[in-house]
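Presented sequentially are two complexes of chain A, the first with chain B as partner and the second with chain C.
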Partner chain A sequence: MLAKYVARRFFASIVVVLGVTLITLVLMDRTRGTYVPGIDLNPALRPEDIARLRADLGLDRPFYIWYITWIWGVLHGDFGRSMIDGSTVMSHILDRLPNTLELTGTAILIGVLISIPVGVIGALRHGSKTDHTMTVVSVAGFAVPQFWMGLILILIFSVTLEQHGLPWLPSSGAYSAVNGGDFIDRVEHLILPATVLSFFYTSTWSRFIRSSMLEVLSQDYIRTARAKGMSERRVVYLHGLRNALIPLVTLIGLELPGLVSGGLVVEVVFGWPGIGKLAFERALQYDYTTVMGVTFFATMLVIAGNLLADLLYGVLDPRIRFA
Partner chain B sequence: MTQPLLEVQDLHTVFSTKEGWVKAVDGVSFELHPGETLGIVGESGCGKSVTALSIMRLQRPGLIKSGHVMFKGDDLTKATEDEMRDVRGKEIAMIFQDPMTSLNPVFRTGWQVAEPLRLHHGWNAKKSLTSAINMLGRVGIPSATERAEDYPHQFSGGMRQRVMIAMGLTTTPEVLIADEPTTALDVTIQAQILDLLRHVNQEFGTATILITHNLGVVAGMCKRIIVMYAGRIVEAGPTADVFAHPKHPYTWALLRSIPRLDAERHEPLKPIEGLPPNLVDLPGGCAFHPRCAFKIEKCSRDVPALQRVGDTQLSACWVTQAGTELKGA
Partner chain C sequence: MIGPSRVAELDMPGAAIEGSSTRPAQSYWNESWERLRANRIGIMAGALIVVFALIAVLAPVFSAVLTHYEPQTIDLSKTFSPPGSGHLLGSDELGRDTLTRLIWGARVTLGVALLTVAVSLTVGTAVGMMAGYYGGWFDDVLMRLVDTVLAIPAIFLFILMSILFKPTPVSLALIIASVGWGQVARLVRGEVLSVKQRDFILATRSIGARHLRLMARHLLPNVLPVLIVAASLGVGQIILIEAALDFLGLGIQPPTASWGNMLTNAESYFFHSVWLVYFPGVMIFVTVLASNVFGNAIRDAFDPRLK
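This part shows the complex of A and B:
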């Protein structure tokens, strides 16, 4: 039953992958004009060189021919080479993916760890000063643009602290190029971008848990739980939270694509060598293969994230059956 | 007379609302004796459920303003939260109106039924589950061992109410409070659940408080009943006497309003005129007087106390306390 369900979801997702990659390609192809990726790296190119380059990259043929060629390659596990630097797209992705996972994974973890208690406290003390304060902070969390918050944090924790001779935090990169790269060094680099990113997650999720928890706590089975003589802690954190967290799973599942793209702004601001920054830079250079490769991975992550969320939903909520 | 098991003395429970304080329970007193089944009757919002929840100190956000709930020599209104937890689900169990929503949807029924045993007796998972399955069988769940693995949504309404009853009984409490246990169920299932409650009362000797708005239910179940109106007890006494000779106009009107199968065809229904009072702004004097067919001048001025009227009944009514018989079409 479950295997059948997963198989059906997998086949349905093929259509999604084809659609997303095709749209990405059409958008790039229609806006490229006569530009050929890589020509601005070498000002000495003659017109016949450019024509040869165009033919080499497959850009002299209609985009659908290019697309079919690309799909054929993907089916054989070959994502091609970057149109800019010639190294394989796969090596680019494998190079950047761990950094992105490090950043977004940390942010999601912090988000979950903070938003659950904050949301529960907000629900238990709804209407109190604590609740109002947390509401204001949360609204700020998704109202303040991430790039702005990133810059302000850099200004305070990197620039100002350094000016006053205090210990300061690095503002750029995932590790120090010189004498760096150990655990402490990576954590230092991680703090600022992870803070910005997790602030957003925490804000959204804590609001969500708060309202979900408020609804659950007014349910009859919570009254039953109290009538059974259990401690308030057990009522809230076992009987209540177990129900309130079910919808959160979907929300986090939808956030999984952020593993690749959601951190884009933060990656750019903090010079974080991740997938989002890679896609951003290469899109500006019309590096078809790299953008298509990243798009493919991002789409797969969206599909996997949704499927995972739906499957988890079934584990957490016994009323859900897969068919 | 034996020593009462549970004694509610002059209980006042209030709720704060935007319009002011609502006296949901306004000076309620009654006794529950070991092994007996006591009925509390009244329309929606008359305070019967809040009375029950106040006994368990689960009336939040309501506030018990004054009064005592004496249970086996202790005053539950003065007990600490820890002491209350030892009473809830162990010595006083409660089952609720809507069995569809009263069980936690994400835990297996067997686990939920066994939970009071783990909480109160500290039994391990296996021992408590065995006992829970045994109890599920005793309340009439077929193939209880397998059904204990199921989740609440896999049970019908009547079966869920049986599960709730089993959950209440695992710790063999001395008091079972059933708050409208059959209201949400089909009529045929209602009869089955009432049979079960009667059987439980006999087999386990559990004293039961049966809260309902259904006079037919109390007639078949309870030796003694209490009638509530607007947060107060208006009449109390042996069920047979109250039904035969009601000593409060509200009870009288309630009984008269029940359509009878043996009545003449086309006989119009006899409703109680008017509406239940607004609890924020109760009428002065007796709360029932605006709807009362027997009212005298005093009724709108002074609140009548609950006093003995006749040999066995108590009534809070100036008219019957003065010796007038309630009669009329």
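This part shows the complex of A and C:
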């Protein structure tokens, strides 16, 4: 049953991946049909040189031929070379991936660690001052633009602190070139962007945990557990929290594509050399192959995230059956 | 964006509905309206949105009477004036009046958000309703299309499309709606699938109602509450996306003022003109906050599934 379910999802996913990459390519192709990447760096090129360059990059062929060639390459694990600098797309992605994982991984971890206690306390002290305060903070978390929060944090913790001669936090990059990026240095660079990202995750997840905890605690089996004299602590943590966390699994699974694209704005604001920033810069430069590679990668993450969330859901909640 | 988003789980304290009255049964709409009116925080947030909308509509009046500046008037002799007598909220690097630009920026923000919601709802409802109503292979094809649209990392799509179509308020709204309709379609399809099983649909069909009439007169009104809720919860998200695109330089282009593109050069204001960083961000924050709170009030009042 499960194997059949996964197989069906797998084939549906292939359709989606083909659709997404095709849409991406058509958009880029329509954007600049005659463009040769890097051409503006050398205005002295003759038309025949440009034609030769276009032929080398495969841009003289119609986009569907280009697409089939690209898919053929991907099936053989070859994502091609960047049209801007000639190095392989894979090397670009692998180069940026650790930075992105470092940032989003930290943010997700902080988000989980804060949102679970916040959500549980909110549910247990439902309607109290603490609950209200936490609600207001998380409602604010939904409404604050990430890029603006980033700017304000830079203004406070980098600019103002430095102006007053106080210790300040770096505002850009993942490590400094001077002292070689040791552990402390990387952590210092990580603090501000991770704060922005995790603030968003925390406000989202803590609300979900609060409401799912409230729902679970009103169930009959919780009343049964209390009635048979189980300690409140065991009721809340063993029976309550375990079931209340199920929706969180889905949420984190759905956040998996955010590993690549969710942090894009934050990466741009903080000059964080991650995959999102790579995609942003390369899209502006019409680097077809790199953008296609990153899009493919990000789409795979979306699909994997959805599937993983659904499967984990079934593991955690035996009531769910796959059909 | 639009649909059962994260915001859907955000309920305000104090937004609880007062004990139900003992009056006889009312229509769904009366009842929902009563519930909405009982929610003071929600009504306040709604009133704030209305005020912003009025300011946006009356922007020319405000800049003529209140600020005496045009949003794009450049005055290089008065760059970076601090907030005060000449410029109420200061001026930017080209000597343009910040308050005037904020007022005109409200037009862009609210206009784009409104148009995006309208387009997403129209397209999403049409697709979702046809998929749910006709079912079969037609449903499969449409839903695979929706899956594809929703699987594209939205921000990449926005970047590519705003390079392709020069962003104006209208094209920007269409760009954002090109993803937003997918979630609406899913929502509507699910709703239609359940409504069309009910007896009254069978009865309507048996007296010879045509497909179009069935969808427009009988299915649509039953889907409407879900649509209202989705729309009111989606506005805040759309404003945030639009502001981020403007900030990245992919949305509304200067010299047209928008709250997002007023922050594009924010780094260069850090050392002397900090107010230029504060004001547009505060405006975005307050507007999104008000729309989220109002959206939640709407959901609490109108969502039939919450009863």
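Convention: the second predicted complex is superposed on the first by the 317 of 323 C-alpha atoms of A that agree within 3 Å, B and C clash if a C-alpha of one lies under 4 Å from a C-alpha of the other, contacts with A are read in each partner's own complex, and residues count from 1 in each chain.
Going forward, contacts are C-beta pairs under 8 Å (C-beta built on N, C-alpha and C of every residue); 3 or more make two chains touch, one makes a residue touch a chain.
Owing to the predicted nature of the structure, the values given are computational and were not obtained by experimental measurement.
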item: Superposition on chain A - do chain B and chain C clash or fit; value: fit
item: Touched partner set for A:H239, first chain B, second chain C, both or neither; value: first
item: Which superposed partner A:L316 touches (first chain B, second chain C, both, neither); value: first
item: Partner chain in contact with A:A140 - chain B first, chain C second, else both or neither; value: second
item: Partner chain in contact with A:A225 - chain B first, chain C second, else both or neither; value: first
item: Partner chain in contact with A:A51 - chain B first, chain C second, else both or neither; value: neither
item: Comparing the two partners chain B and chain C, which touches a greater set of residues in chain A; value: C
item: Distance in angstrom between the closest Cα atoms of chain C and chain B, superposition on A; value: 7
item: Residues on chain C engaged by chain A in the complex (per definition of touch); value: 6-7, 9-14, 144-145, 147-148, 151-157, 159-161, 163-164, 236, 240, 243-244, 247-248, 260, 263, 266-267, 270-271, 274, 277, 280-281, 284-286, 288-289, 292-293
item: Residues of chain B touching chain A in the complex; value: 56, 58, 81, 84-90, 93-94, 96, 98, 101-107, 115-116, 119-120, 151, 153, 164, 167
item: Complex interface listing, chain A residues touching chain B; value: 219-221, 223-232, 239, 242-243, 246, 316-319
item: Chain A residues touching chain C - in the complex, by the definition given at the top; value: 12, 15-17, 19-20, 23-24, 27-28, 30-31, 127, 131-132, 135, 138-140, 142-148, 151-152, 154-155, 159, 204, 207-208, 211, 251, 257, 260-261, 264-265, 268, 276, 279-280, 283-284, 286, 291, 294-295, 298-299, 302-303
